[in-house]
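As written, the chain order gives the labels A, B, C, D, E and F, with residue 1 at the start of each chain.
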Amino acid sequence: MEHKPKLVYITRKEHFNAAHRLYNPSWTDAENEAFFGKCANKNYHGHNFDLYVTLKGYADPNTGMVMDLKKLKTVIKTYVVDKLDHMNINQDVDFMKGQLASIENIVVAIWNQLEPHIENGQLHCIKLVETERNYVEYYGE
Amino acid sequence: MEHKPKLVYITRKEHFNAAHRLYNPSWTDAENEAFFGKCANKNYHGHNFDLYVTLKGYADPNTGMVMDLKKLKTVIKTYVVDKLDHMNINQDVDFMKGQLASIENIVVAIWNQLEPHIENGQLHCIKLVETERNYVEYYGE
Amino acid sequence: MEHKPKLVYITRKEHFNAAHRLYNPSWTDAENEAFFGKCANKNYHGHNFDLYVTLKGYADPNTGMVMDLKKLKTVIKTYVVDKLDHMNINQDVDFMKGQLASIENIVVAIWNQLEPHIENGQLHCIKLVETERNYVEYYGE
Amino acid sequence: MEHKPKLVYITRKEHFNAAHRLYNPSWTDAENEAFFGKCANKNYHGHNFDLYVTLKGYADPNTGMVMDLKKLKTVIKTYVVDKLDHMNINQDVDFMKGQLASIENIVVAIWNQLEPHIENGQLHCIKLVETERNYVEYYGE
Amino acid sequence: MEHKPKLVYITRKEHFNAAHRLYNPSWTDAENEAFFGKCANKNYHGHNFDLYVTLKGYADPNTGMVMDLKKLKTVIKTYVVDKLDHMNINQDVDFMKGQLASIENIVVAIWNQLEPHIENGQLHCIKLVETERNYVEYYGE
Amino acid sequence: MEHKPKLVYITRKEHFNAAHRLYNPSWTDAENEAFFGKCANKNYHGHNFDLYVTLKGYADPNTGMVMDLKKLKTVIKTYVVDKLDHMNINQDVDFMKGQLASIENIVVAIWNQLEPHIENGQLHCIKLVETERNYVEYYGE
């Protein structure tokens, strides 16, 4: 009855726990403290981050799926979660080297990590929830 | 003071519990098992599904509403929730007959069930949450 | 490595508790009761409202941020939360005077309160959650 | 295999939206304002209340249940939710007449409303969640 | 400073998705339907179950832990989650054979599965959440 | 009508974000790594911690309250949240000096911080949620 392919958006939620601090290395410690406040604490603080990865695409008629979520889970684990979970984002994460560890920068870096590995459908949005009151989204623009 | 009509999006969340399995009848059992894994279990498994129905439209100046949410609730109950709740999606649901019971296909079928019955505003999005880690959205395209 | 500025969406969630009733003063009490049902109760009822404010913009290279969320929090507190929290929306809130206290109207009024005070980035969306089953979004159109 | 009856605790969550204010009629308005702050606002404020009702008892071997949750839902609706939902707790609720509308007093009053109507098992706990940051429990002591 | 050992309660949450139906084989189909309503649907329905396992014990001074939560996670996975996830509780689960698949009975059966494998501390409570409105707890009595 | 005082339990939820690592200084780095795995990462990781503080007591007839939650909030902020929020628990927190930074030890330390400052009612339980899958409770025993 329904022959026209339908564009659906599928989302997988993953999770990691990490430490970070907000710190601009070209500023003095006092300037960092003045601007970032307690987020600049030199011994770091941390969060439970929730990560939502959304793809868009057409369901395959044989499987009813845009992309197998088990595969998507593996891709996210390999290229993002294993590199961030229980890590210090300022010190331990290769794809954040040389960047200020703000959630705005992290969300763009996660997009860049995942995009080459999405085989079915297209990466549509990365949403990163830092606390129950703050989150950031990036649509690749 | 505000005379230009404003386009607002209203969302109603409903809920149903159902069983399903992922199974392509033109494949062998072994092929289904190989592709869908435990989601193909022949005795079914199930979920608590959360359904979000979003309309867009202009608020009526007499009521302040796009559509009375009590009416929307009744429409969703009649055409979707009563047909899915405590049911087996592969066997008991007329509007899923002949379709693979993936959430991608279910969300499109729910759109088709609701769309003819939206009298005020326009159906904008159906979001179906299968587990706390997986969800699908469909915007009618 | 990344030189092109990236458009990110940042969201801050705030909260207020308020009383309201749905009531059209140009209708009789019986007409209000017939249309709005228990939502028209003359002694009011209330909700815990969750408010999501989303901005879009480009991260400042010096701070990694679109807008300092501490500043955004202060703006929301001053122009919205302090005026609504523990208040009666029909009686106590200057920016709702003369308007039906529906969530569709409240969400537009909150947009108008905040928009002049967003200094970095652009106001993108106001989302107001009235109950765990109902919410409204407004994108300024 | 298991012959000894097992003591299980079953909980049903229900929901109501209501207005209230904290106000001691034997104090002056200034004293109320000084003690209760914005919670004393004379035009009321409101909340979405979540109510958890817990029974304890032994599962009936014929039904596997302590008490049919459909029956428990009906009892809670009749004696509690229908009397509180979309109401003003200070003015509209018979079983709160003459009492300060604090959650501590409401939770005891809800216990007294329900206890005579629990036919299977025993009322064990009433938990009332006022906001995502405040809740009260009462065990009948 | 603190020498007396302290009794702490630690909880691990796990998750499984399963199908079930409420059905007493010694009743007729009509009797099952009359008592259990749509929960008796012969083609099954299903849920996302959240499982909370609580131990009590004294923290080991060398590790600061009652029991390594990674080990507890493995025990729960082996003896409970792998046997229930994506399964039909009435048909596929050895430790539920011959029992009515009510959450009251499932929670006791899960206790019996786990108890012999808790090496540090003591099993204190099993809580099983069937829907956002229903849950059951069992303390081994 | 109700003259006997009623024992009620009130809970306040607060929140902090912090970094920590699991590390026993009397073990080698290799031993720490072997036992604690990625939780021992030398550059720290972090969490959003939810803290629930429960008091028990009798409601004051003049206020309807066990303890003014605004006061309790201030006590928790002064003695716990201000010392933990955006901090490194291993390095920055006076009341955790010399202790392994496990949640079992943190929860006992929080009890000791708060107990001398509870003026109405009695401290009943501290619950600390580290991730959506792990939490610890302590009742002062």
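For this structure, a couple of remarks:
Heads up, the rule we're going with is that a contact is a pair of C-beta atoms (placed from the backbone, for glycine too) under 8 Å apart; a residue touches a chain by one contact, two chains touch by 3 or more.
Everything numeric in this text was worked out from a predicted model, so none of it was measured.
The chains touching chain A as well as chain D are C, F. Compared on C-beta pairs in contact, D-E and A-F come out with A-F as the pair having more. Each chain gets a centre from the mean of its Cα atoms; the one farthest from the centre of chain A is D. With centres defined by CA atoms alone, the chain at the far end from chain B is F. Equivalent interface to D-F within the set B-E, A-C or A-F: A-C (over half of contact pairs identical by residue number). Centroids built from CA atoms put chain E at 33 Å from chain A.
One finds 27 Å separating the Cα centroids of chain E and chain F. Among all residues of chain B, those that touch two or more other chains are 132. Under the touch rule stated earlier, the contacting chain pairs are A-B, A-C, A-F, B-C, B-E, C-D, D-E, D-F, E-F. Taken together, the chain D residues at the contact with chain C in this complex read 15, 17-20, 38-39, 41, 43-48, 85-88, 91-92, 131-132. On chain F, the positions that touch chain E within their shared complex are 22, 24, 26-27, 35-37, 99-105, 107-108, 112, 132-139, 141. Interface residues of chain E facing chain F in the complex, by the touch rule stated above, are 2, 6-14, 59, 62-66, 68-70.
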